[in-house]
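These notes open a run of structures that come right after.
Each of the next two complexes has chain A plus one more chain, namely chain B in the first and chain C in the second.
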Partner chain A sequence: MATPAARLPAAAALRRRGASVAFARALGPDYRLGYLFVAPIVVLVLALVAYPFGYAIYLSMTRKYVGVPPVWVGFDNYVKLTWDGFFQRAVYNSFIFTFGSVGVKLLLGMAMALVLTRRIRFRSFWTGVLLIPWVAPTVVSALNFLWIYDYSLGVLNYLLVKVFHVLPRGVGWLSEPGTAMASVIAVNVWRGFPFFGISFLAGMKAIPAEMYEAAAVDGATALQRFRHVTLPALKNIIVIVVLLSTIWTFNDFTIIYILTKGGPGGATQVLPVLTYEIAFGAQRLGEAIAVALYMLPAMAAVIIVLARYMRKGGAR
Partner chain B sequence: MRVRVLAHAQGAAAYAILTALLLVVAFPFYWMFVSSLKSEEQMRSLTAMFWPSPAVLDNYRQLLGKTDFGAWYGNSIVVAVGSTLVATAIGTLGAYALARLKFAGRAFMASATLITYLVPPSILFIPLYAQIRTLGLADSLTGLVAAYPSFTVPFVTWLLMGYFESIPVELEEAAMIDGATRFGAFRRVILPLAAPGVLAAALFAFTQAWNEFLYALVFITNVKLRTLPVGLSTFITGDVYGWGFLMAGAVLTTLPVIAAYTYLQKYMVEGLTAGSVKG
Partner chain C sequence: MDQRLRHLAEQLDTGLIARREFLRRAAVVTGGTAAGLAALRTMASGQPKTKLRVWLFKSFVTNANDVLGRQIEAWAKERNVEVEIDWATFGDREPKFVAAIEAGNPPDLAEMHIMGPTRYKAVLRDVSALAGDIARGKGGLLPFAETAMKIDGKFLAVARYSMTTVFFIRRDVMETKGLKPPKVYDPDVVEFARKTQDPSKDLFGFGQTLNRSDDGDGFMENILWDYGGGSWDKDGKPALGTAFRAQNLKALQFAVDTIQKHKIQPPGVMGWTDVSNNEAYMAGKLVTTNNGASLYYAMVTKKHELAPKTQLVLTPGGPGGSFVGSSCYNWAIFAKSKHADLCEDMIRWVEDEKRFGEYLQVSVGQAGPVYKGRVDNPYWKSDPNFEAIVQNIVRSVNYGHPGPLTSAAVEVRAQHILTDMAGRVVVGGLSAEAALKEAHARVEEIHKMRRT
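Presenting the complex of A and B:
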């Protein structure tokens, strides 16, 4: 029994083949399987990221309350925010939180990577344990620290006052404006520095030993070898990890929401938490999204630079 | 002589730094575990601060018997497993296509996937919530299973692109010379070779979904439908439950992630995560 294709007149078959060759030439040799395999991602990205993103930009230019249709107001929300004291403070806090955290993570991560590249015993044990904060649920870590920081029963005050006698009396780590920001930064650092460390470690392993030997033969000290061999070789990884962490930290909601909800008195209020509160506390959705999107141009610049660096690594 | 003394000093310094880091990293987990085993009275009286005396399981019993914790555990499993299966299936096919196949728009798609991975949830959660509501999926686990691939799929895809690229092209070409189609070569040759990477990517996706907080907090209002992280965080507000109780919940919430991690550790150490970050 002949298949339909075999019954086609020869000329038509040839034309069809010609068409598919033309397609292949225009779209690449694997276009059928390629588009088939990529289609779900395209649908997903359009539905779950691109569309909501576009909708967010639209909503930010409206006055929108939950359950009521949006009213177009143009850039009003952005203009109002610009002169809003709470918002200004949240922007300032977000920058302090981000740069403070990323700076310390960079230093600790570098220290972690440097000690782990040495010939030490039980290296995989050390590495394994040091990575745990990175995989543990953020909520769990935040709750652990909420308990550790507790004023009356917390172990931090117990250690500082009763065991080491460093302080005469306990500190309300999260309830005093002077210590709250440093305390939440510490938690973000605790959770995030292992990612820096493990990434730097992977990069250091890729540096050929001959480069260090050559530097040593030339009489370079350990510090000089670090500056002139390690750092240049790690440059790409450092840029990627720092930018990645900057985006994550700037948008970190969980740690501050659990630990302080932005308090005391706005001392740790950052943009993601402010967005949430305006949206679900005050129910003003348009304004809330404007808060989230206000820093978008800066964030987009960081994301584009970062994506370039990440694609440069490997053949991508 | 001087060099050797210096080397020793450096070695000692390295161990000192390691020990300090280890203490800082491990203590909160130790403290969580110890607190979960302490009785209410011991907690209040600040006696035998650093170990439970006596160790009791009251907190665990209360948690499982008197709260919705068990239901939340089930919810978390449903949401994390469901969204992981979706993400792994979509991500594996997509990553193979983006890493290996030649078609117009491939480079653009690869960049778009990466940029999607970098768009933060703090921008997306309100419009996504609106969308989920319009679809009638607000306050349902299905809504979370539908939303989580927004971050797990780009991640899995990005991770596996690197993995597929590391498998020699020649293996595939050999299969095709032997008469396999492109799809056949993918299914019979490449996929089995990539299996460990796919499993690692799936476990990473599971961990991310298991730990997710913001979407679960916003999308779900029904107490019974909460996931673990959100449910756990609501224990703070009621001072009814003690800290030991909260820490018992924290221990049980962390366990599956640690189990996944024991498999993932070697991939993380080899920089596969960062290999998404390989520079």
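Presenting the complex of A and C:
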């Protein structure tokens, strides 16, 4: 008969075996091999996403100037930003810029898709032409618009004043309060609507023609067919495209930085440009990261909604 | 003679070895030595050269950039050093420094903006001996340059040149109207602009943005000083909305009035970037503007029709005097560099008067003097327009004036606080008082943070 002392290791071995069997039952017989297979991607994600993200959160809670070690300040940066008028304006402008752009892109993208589903001449050619803004590098587009909007030398004022005589004199598109934000939104719309259009076009082509025929037989008008056939069929695509575009537009830096640098007087200041300015202009890295992370919860909510929709789409 | 050959010769003389044996052994010794030397030579040339990373500033004066690049390559060849040159222009210079410093991988040597030594003092090498030596050889530094390069009693950079701004005037228009160059902004520039402009022909009297840009920030800084104000008092404490409130308010109001009341500026001026006034001036749409010599360089090198019709004069002033913000490009060696001696040698090489003269000749006024000895260089007499450049440089003052040049003063400039203040009035619809109060709060905040 085994002594109690000898029974202890045996009991431990049994427990380990029991756990192993339970794992095998839950995760499959090859679960050890599974760990091996997922290990590289886990390491990669930890190294390239989790570590930098964690470090960014840490830095946002420090006072960090260039070339000197960070000093822990807790939530000071976030608290200070909350009450900072310039930051508040940047948040407000970011929402105006994002929702203004996305709203117009949605309408134009839908119009583009509807036109391109019709039997028009040179449809492929027009599809290609309409994709140019999406394909062109953002920097090139923005620099072109900088010239287009120029008061004295820009082509827009030239056309409106001298060619079409629509206006008595030119407009300072990027310099006046009423037009600066609208002008940068217009560039974002110009660049982004083809993505909406081409995505909707793909969705519309997948709608069975029989559905339109059945609706037409039932006496539905074109508007009713659009409302009761096209829109419901495109619902998932619309949600995904809008959410993706919201994330991209919210984080858009290039267009505003090149056109206005957030000016004049902060009229077009948005969070990405503010982050850049605090990081590289003021060289206060901790605060800059706090600006970037401040809106993270809102963006995370958007991403969660998007991910859910995409998963649901995949399940169907 | 080789010891072994001598020994063989002695053995031959004393008859210990035959002549044939002597020749055989001598051939072995000589051949072996020659082969060994050849192998050593191959090994020596196979050793990797010392590598130096140098970051240079890519200015708009491209001919000068080319000269500097060639000079550094010539130095590298002479010293058998491999130099990796990287260029950074106005927009990407500071982000590059920040990224490199934070990554722990800065270059060995960099050509920096005047803000550099103050901003990066924690990671720069003390070059007091070199800077002092070079300055002594050139008659000493001009006061603003010495203050900007010497941080906490140590030189952290070697001054190179000053890229100042001057007042550009269309001389042909001025002469047609029988006018003289304005001395102060109010009323001289205003009246000058009113008399010369013709908005119906898209010709405006004055082109000066108050938007976020080097041009806008520089003008706002100058105009506060011109009215006897400024962002800082002489002790380096915030004074924008306190000690100098009255003066600053007048200055801000004048800046805004050039657009809103006097209407001497083009309607789109608040959306301008640093190149906009250059383009507008060269397109013949402005009678006057403030700009660096790069505009003159562009006109001269392109043989632009306005080059001979342009007169450069001292920047106008105001009731408190006439002020110009300083500029001082410089050489800084990073503390991490393992080749500081080579860096210092390279700085001496390019700052040698003959080589700097070569650079100066193609700069068309951009490489202004920072050393007293260079002020009297005959080059500055070669074009009547250079007189204003030199005089503006000599009288220029640093960020933080009338107080010291501090990190906070540098940040206020870098954060566009003053142009934002003007923009809040012109575009945001705030009163001058409200905008000044708002800007002062930002200056206070920066001062507080930089102090702790």
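Operating definition for what follows: the second predicted complex is superposed on the first by the 265 of 316 C-alpha atoms of A that agree within 3 Å, B and C clash if a C-alpha of one lies under 4 Å from a C-alpha of the other, contacts with A are read in each partner's own complex, and residues count from 1 in each chain.
By definition in this document, a residue touches a chain if its C-beta (ideal position, glycine included) is under 8 Å from a C-beta of that chain, and two chains touch if they have at least 3 such contacts.
This is a predicted model, so every value here is computed, not measured.
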Look at A:Ile148 in the shared chain and tell me whether it touches chain B only, chain C only, both, or neither; answer first, second, both or neither. first
Chain touching more of chain A, residue-wise (chain B, chain C): B
For A:Ser175, using the defined touch cut-off, is the partner it touches chain B, chain C, both, or neither? Pick first, second, both or neither. second
For A:Lys261, is the partner it touches chain B (first), chain C (second), both, or none of the two (neither)? second
Under the stated touch criterion, which partner chain does A:Ala279 make contact with: chain B (first), chain C (second), both, or neither? both
Chain B versus chain C as contact partner of A:Leu27, first or second or both or neither: first
Per the contact definition in the header, classify A:Thr246: touching chain B only (first), chain C only (second), both, or neither. neither
Do chain B and chain C touch any of the same residues on chain A, and if so, which? 146, 150, 153, 279-280, 285
Please output the residues of chain A touching chain B within their complex, sorted ascending. 26-31, 33-38, 40-42, 44-45, 48-49, 51-53, 55-56, 59, 108, 111-112, 114-116, 118, 120, 124, 126-141, 143-148, 150, 153, 155, 158, 190, 194-195, 198-199, 201-203, 205, 222, 234-237, 239-241, 244, 247-248, 250-251, 253-254, 257-258, 271-272, 275-276, 279-280, 285, 288-289, 292-293, 296, 299, 303-304, 306-307, 309-316
Chain C-facing residues of chain A, complex: 63, 65-68, 85-86, 146, 149-153, 169-177, 180, 260-267, 277, 279-285
Please name which positions on chain C make contact with chain A in the complex. 94-95, 97-98, 101-102, 119-120, 122-123, 202, 210-213, 266-273, 276, 279-280, 283, 285, 411, 414-416, 419-420, 422-429, 438, 442, 446, 449, 452
Chain A touches which residues of chain B in the complex? 10-11, 14-15, 17-18, 21-22, 24-26, 28-29, 31-32, 35, 43-44, 46, 49, 89-91, 93-94, 96-98, 100-104, 106, 109-116, 118-128, 130-131, 146-147, 149-150, 153-154, 157, 161-162, 165, 182-183, 186, 207, 210-211, 213-214, 218, 228-230, 232-233, 236, 243, 246-247, 250, 253-254, 257-258, 260-261, 264-265, 268-271, 273-279
